[in-house]
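Structures given as structure tokens follow.
Shared between the two complexes below is chain A, which pairs with chain B and chain C, respectively.
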Partner chain A sequence: MSAGFDIFEVKINYYSASSVFVLTMLWGFITAFLLTTKGYRYADFMFVTNRLTSHLANGLFLLTMSFLGSLTASLSPFLIRVIIFIYQDEGHITEDFLMSAQAHEFIIGFATAFLYLLVFSVLGYLFGMLIQFNKALQVIIPVVFLGGLMINSGEQGMIISIINFFMMESSFVLFTLKMIVSILVIYLSTILLTNKMEVIR
Partner chain B sequence: MSLAKINMDDTIKKLYLFKLNSYSGVFTTLIFLQIISIISI
Partner chain C sequence: MGMLIILVIIGLIVYFMKKGIDNKIIRSNSKGLKWLFLGYLSILVLSVPVAFLLPIETESLKGEIAKGDVVHEQDIYIEDALLKGEIEELVDKNKTELWAFDYENDVLNIEQKAEEFYVAVYLEETSEYTEMIEATYFYPRLIVDEWDFSNEVSPIRVELKNNSLNIYEPLSVTINHGEFEMGFPMSQFYGESKMMGRSSSSSMGGQILYLKVPEGLEIGDDTNVDIIKVE
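And now, the complex of A and B:
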């Protein structure tokens, strides 16, 4: 954005790390989904294991994955500032702003990214496990989701309401509670749904 | 090792460490993805 007068010109550039967060969420979903595919599941049989231990080890892996993913994503704005500081002309970013960040802001940003990434990961895990039940679900679930977005669209739509329920929460404590409860519900349902699944499936 | 000596905590720990070692490639993918998205800004 730029505005000019006779004697001076103001140009504002916006840089955002949103794309880093979006790609990280996508990565979390796909990686969790991949954990449920045959190759990865059969690798567990090298150990004396059952469904529950597999699920719990996968849960720990998802937690680690989300922690590292959200940490790097939360630090990415600083990298962006450094890159712009080095490669752009002088004046884009002042030295004071380069590394300025309030500790509590960073912690809240990191915690939020962690919870979002964990939700996407457990959703990917649930989706992957459901597909192991019935291959038709790999078509049905996206169709129901996309169909729900299109048919029941607008602010009153069911899927939009669910998204708003999480994203429009202004209180951080309530947001954290909502996220933790959702993560536990999704993860426990995955364990309960697939606990009795045949070993080689 | 006898099957009687196996406990759940050990199994989960071994499985988890196995997954961390074997699937470390996903973390490399993450770093690549984030670098690509930063460069594209």
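And now, the complex of A and C:
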């Protein structure tokens, strides 16, 4: 951000690790989606016995992956802070949340990151599994999602309302409940929808 | 355009990951990936104590966070007080710069030596001084994004040459400010979430110069500033 008054020029740089976290969520979604591709599914059935155990094994993998992803995303602000120090003048940062934040804030930040990552992972997993039913869905679902964002936009739009339902929640307890229920609903839906699917399809 | 670049990157990631799986590259390189991940994690863990041990001089402006309206309110307050002649009180309460010049002529020109720059000049004729001019400059408030940078502002320059009081614009100043803020998702519960964009605001107060001149001093024709006379 920059503001100029002819004689005075103020340049303000805002740093945060938000983009790292957004990319981690994207990574979670893509990785979960790729779990449902042919290569992984074929490899999967060398070790497990049926569709349900495959889903459970993948579920455990998604949990582990979300844990590691949220751990790296939560630690990234410290690395970014060190990089800024190396590339900017000393004293350039005049406000620094890392120096003032409490331990419990980091713990809640980590837990929140974990839940977000897990919800994106199970969404990617559901999306990938749906595509196994019909390849046309890999075009229809993104079109419906993006179209919904464009046509039914604004604060009252359905997709925005769903996003706000999670992102605008200021109580951590309520947020956790919402997330856990959503994760269970999405994951159980995936299991129920694909339980009768052929092993190799 | 930005969205297109992101979509291309996502497409490439998916393509190469799929290709990697199909060709069993990932499986054959799993040991390498494990070391890569462990190396990255080690760097992240190491950066935690390093970040806390950095000799960072944080000159906090947090206690001085102010709204842009403050600037306008303060300008009105100063103008009212100056017109009432309450200069001493204002000098005590505000950041000022003071100049005093010996002056014996009967005529004084007040000239602004810079274009695209406005300074409000208040003029008080006083019996306190007979052969002296006193100039008091009130530093303007400068607030950007609710951060108060008033202490960084440089003053105007005032010089007396022959029978002319010359006013020069302040020296150009560039202020670099950085803030490492709490990012998403932590900001959802602690502090304001900036995921939906950031609004920005800036405001700066007016340049005010208050002159005390001897009684009966005539203002010359070469004067090119607006003068507000204080009765």
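Operating definition for what follows: the second predicted complex is superposed on the first by the 179 of 201 C-alpha atoms of A that agree within 3 Å, B and C clash if a C-alpha of one lies under 4 Å from a C-alpha of the other, contacts with A are read in each partner's own complex, and residues count from 1 in each chain.
As a convention for this text, contacts are C-beta pairs under 8 Å (C-beta built on N, C-alpha and C of every residue); 3 or more make two chains touch, one makes a residue touch a chain.
Computed from a predicted structure; not experimentally measured.
Colleague: Just chain B (first), just chain C (second), both, or neither: which does A:170 touch?
Modeller: In the superposition, A:170 touches chain C alone.
Colleague: Chain A residues in contact: does chain B have more, or chain C?
Modeller: The partner making contact with more of chain A's residues is C.
Colleague: Which of the two partners, first being chain B and second being chain C, lies in contact with A:88: first, second, both, or neither?
Modeller: A:88 sits against chain C, while chain B stays out of touch.
Colleague: After the superposition on A, what does A:49 contact: first (chain B), second (chain C), both or neither?
Modeller: first
Colleague: Contact-wise, after the overlay, does A:179 reach chain B, chain C, both or neither (first, second, both, neither)?
Modeller: After superposition on chain A, A:179 lies in contact with neither partner.
Colleague: If we overlay the two complexes on their shared chain A, which of chain B and chain C does A:8 touch? Say first, second, both or neither.
Modeller: A:8 contacts chain C only, not chain B.
Colleague: Please work out whether A:24 is in contact with chain B alone, chain C alone, both, or neither, and reply first, second, both or neither.
Modeller: The answer is first: A:24 touches chain B but not chain C.
Colleague: Would you check which partner chain A:126 touches, where first means chain B only, second means chain C only, and both and neither mean what they say?
Modeller: A:126 sits against neither chain B nor chain C.
Colleague: Does the superposition put A:116 against chain B (first), chain C (second), both, or neither?
Modeller: In the superposition, A:116 touches chain C alone.
Colleague: Going by the contact rule set out at the top, does A:58 touch chain B (first), chain C (second), both, or neither?
Modeller: First partner only, chain B.
Colleague: Name the residues of chain A shared by its contacts with chain B and its contacts with chain C.
Modeller: On chain A, the residues that contact chain B in one structure and chain C in the other are 15-17, 20, 22, 31, 34, 40, 68, 72, 76, 79-80.
Colleague: What does chain C use to touch chain A in their complex?
Modeller: 10, 13-14, 17-18, 21-22, 37, 40-41, 43-45, 47-48, 50-52, 54-62, 116-117, 142, 144-145, 147, 149, 152-154, 169-191, 193-195, 198, 200, 202, 204
Colleague: For the complex, which residues does chain A have touching chain C?
Modeller: 1, 3, 5-18, 20-22, 26, 30-31, 33-34, 37, 39-40, 68, 71-72, 75-82, 84-85, 88-99, 101, 105-106, 108-109, 112-113, 116, 167, 169-170, 172, 175
Colleague: Show which residues of chain A lie in contact with chain B when the two form their complex.
Modeller: So the residues of chain A in touch with chain B come to 15-17, 19-20, 22-24, 27, 31, 34-35, 40, 43-44, 46-49, 52-54, 56-58, 60-61, 64-65, 68-69, 72-73, 76, 79-80, 83.
Colleague: Would you tell me which residues of chain B are touching chain A in their complex?
Modeller: For this pair, the touching residues of chain B are 3, 6, 8, 11-12, 14-16, 18-20, 22-23, 26-27, 29-31, 33-34, 36-38, 40-41.
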